[in-house]
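After this come two complexes, each holding chain A, first together with chain B and then together with chain C.
This part shows the complex of A and B:
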């Protein structure tokens, strides 16, 4: 399907040599190397619809970058299959490259010694973009990313934020249907991060591009993604909307209440645990899988107790994902 | 035609970028020339102290380093970025090349303009001019054509050898060290008539690392000297360069297909 990403049972195994401990072990490994198979990605299945932004999440070493490398045609999978905008990326690398744009936050695809605008012009020729179309798109990207103030500077002299903004523009100049972003805002200051997020939102909502994003920045996920795929140890742990993930891992709310009568001994309520009590100050939290939402809990507490003050803390996405990662590690 | 235009455009821009750092630019040219100092010393000693070497006249011997250096200079200019590819691999540049709809090998060559090639080629052209001026041969169109083919064949053979090392680097980036060794070997033994070396070494540099086909055999064919291989094989040196290069490119394609990346 045009602009979609389809991944089925995708696997990638690397074979490495394990060095035995100690000097003697190192010598033994030299003579008799011990090979081990490292399953970087195992039987991962998911899809991204045209015009959707999906966040591919997981802790470091989970297999996110390897997955993206297979989808961009850099690596060939050991098993399984993938189609990006209808093309098998590792079989038709150059054809796939015309359909996709990619930004790897820590690497640039621009020519290091050339002014950025020259790199853009080269890419225009490489992707055979008509001049008028190229100029119009460049203007649009300049309006959104404020590129013209530094696009005559050589890439090697740009700051990280400037460089990644240029990389984003370079990745989209040929109007790709699908965009892969591997930690695009890593190391950026908050202002530039917000500018980049705004740009990405525009690309998805206004231009209908399909985006697969990996990031460790949960604010970014919250602002941009509706759906999340979580992988760990190369395996898919979860595929769902942010709401589903919150429901599954995010019931870590707390309600802090101050009771009118300091001598009241608070007791747990159905699905609500009493976490601690210090005089009139009481903290409640969820109890078990059937725990109510924070708003339901709030209502139940007010109905049961006479309170003079009440506040709630709902776990933010970072807390939710931390819980999800920990649980994923436990399950693995 | 679009591919040619892109190559020309990138080369032009890369060259212009090098020109902007004037002292760096001039220094790189000087480095290219100074790098060949051992060949210049060799040629000077050969012409001033000896009448010949291994049954070859000095003027005939001079044709060997001149051919090799010219081939080497052209290799550095057109195909030399394949040397030292391990660093590109470790920096993840290959991953970036694989994202563009353009052959990776071509992108490697277009990474930067090799300013030092200007120094290499200047020295090489001077040496070739000296060799031709001192030569007693009748430089017919056929001989000139063969010399040009030999230089191009030598360039392709050197590119083939470094491409094979680059293929190994795709799997083991440390294979880059073999490239340095190869460069050292070409510089050390490439200027001599190989019949002055022990038979085993000469054999190794003919059938193991086909260094003899870069300049020694073509020079022997031009000057009418016997070598350790049949005349037809020595004469086919330029063709072997082409075949070797095409074979190395096939190996490159296969290696790239099996590229496993760096850092997962």
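This part shows the complex of A and C:
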């Protein structure tokens, strides 16, 4: 149970007032407000193993942040249950707070007017971290995030990249087992993004932290996550590995081969369709839901035909996710 | 107990101010100008008369100047530090208050304590300078000084809760600008910052008796200048203490409601 996240049938419904159009409508809304229920999260079930990094993906408004808020204990679910490192977060918020760290995008938890190190010292006191332990952890984070070059600067004078690196360190200073990152690298340049990814990889692989990450950056997902959960309109659409997602939504690969014998008539292979043939030049594509991955297709084609040249085009993860989001919208 | 370890949160305001020397210069300049103007105004008002509303010139000047000094106790540039409830609600960073093992009400109290102690350092320095320069009169006796100190402490406690109520409004309205303007005006008027309360008509004084504002400043300053005799101090201190208890209970209830609101809206 230590460091794991268990989510079962988690739901959250918000009740909002409908604003009717026009002056008369606004007046009617004032006198007789009409409430509607918005299901931000509906029956979501998934789990994250200790030491695993899971990417929680979905388009804007899908329910990712609401899910994270419930898991951090700052939002109570309407139904279902969640356990984070063995604690029900919304029932034991303070106990949960000691087990988790969180970064919410560009929203900083650092004290604006103080040098960063003062913020770290305040958090050390709040979380009751022994001084020696705090110093050792700060050194480790400095080695990975290069914090010492700006940690004596006031937060208000930091660049976005510097501030987010400090926020990451601040979220992990008390050595939490579970870390929630809600779009932590949004707006950052590629160099800092890579530094942050390296840091997260280190925290998962070397420190064994469980990380739940939401992001719209597919490069980040590819570099960091082996498993993803895709939600849309508050519902879980898919829970699987990147390969599974590619198989389900990314069947847009093509293999272009040049056959040694120009007179060979190419034929389809299991799960591989023959898209077109022009003399020795042949183009294959996936055929049906059981289609192999592009690498499996390459192997099958080379084994079946004598080829002099072969090339492949594979949809990148961004294309795959675009397909997944569109399909998810259709399914919802 | 995280609250005992989190004393460093009380240093946020003083440290933030020390890291911003222009703010200190501006505060010093403003305080000096305010004291000089108030001193000149009240001396001018008393130029033609020896005593008004039961106060002589020195008592009136002492009251008015000490009211200006006491304002420094909570009149800090809180917005610059981006650590007001209003700003946290606006930027969505209030979630971090609920993500720490330190309850938000304890964090708020620690921050306010640091702020008031820092303001006290300013007020005491200003008082010492004004006393040395003969701008304010010393207390009549050690007993008056002692009762004044206790009353001032209770007054600041009441002020802390009044400010807290205004901040807590943000949890429900997201904005507290209008309430803050009303508070500042009511606080200054009803506490006797603009003018000692006994210059106002009886109905006004009766009305202000039902509000907590005069407990913040008017009572301790009136004790200091001798407008309220020591024989009546016990009753006045009891009223101040009653406000502390009443507001403590009320704000505790509002903190509970605010937490429910945060966890139902998600910050």
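Following the convention adopted for this analysis, the second predicted complex is superposed on the first by the 276 of 332 C-alpha atoms of A that agree within 3 Å, B and C clash if a C-alpha of one lies under 4 Å from a C-alpha of the other, contacts with A are read in each partner's own complex, and residues count from 1 in each chain.
Rule of thumb we're sticking to: contacts are C-beta pairs under 8 Å (C-beta built on N, C-alpha and C of every residue); 3 or more make two chains touch, one makes a residue touch a chain.
Please read these numbers as outputs of a predicted model, since none were measured by experiment.
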item	value
Fit or clash - chain C, chain B, common chain A	clash
Touched partner set for A:177, first chain B, second chain C, both or neither	neither
Which superposed partner A:214 touches (first chain B, second chain C, both, neither)	neither
Partner chain(s) touched by A:195 [first = chain B, second = chain C, both, neither]	neither
Which of chain B and chain C A:74 touches, first, second, both or neither	both
Which of chain B and chain C A:61 touches, first, second, both or neither	first
Touched partner set for A:113, first chain B, second chain C, both or neither	both
Common interface residues of chain A - those touching chain B in one complex and chain C in the other	14, 65-66, 69, 72-76, 93-95, 97-98, 100, 102, 104, 107-109, 111-114, 118, 121-122, 125-128, 154
Parts of chain B lying in touch with chain A, wherever the complex brings them together	2, 5-6, 9-10, 13-14, 17-18, 91-93, 95-96, 98-102, 112, 257-261, 263-264
Chain C-facing residues of chain A, complex	14, 65-66, 69, 72-76, 90, 93-95, 97-98, 100, 102, 104, 107-109, 111-115, 118, 121-123, 125-128, 154, 156
Complex contacts: residues of chain A adjacent to chain B	14, 40, 61, 63, 65-66, 69, 72-76, 93-95, 97-98, 100, 102, 104, 106-109, 111-114, 118, 121-122, 125-128, 154
Parts of chain C lying in touch with chain A, wherever the complex brings them together	2, 5-9, 11-12, 15-16, 19-20, 80-83, 91-93, 95-96, 98-103, 262-267
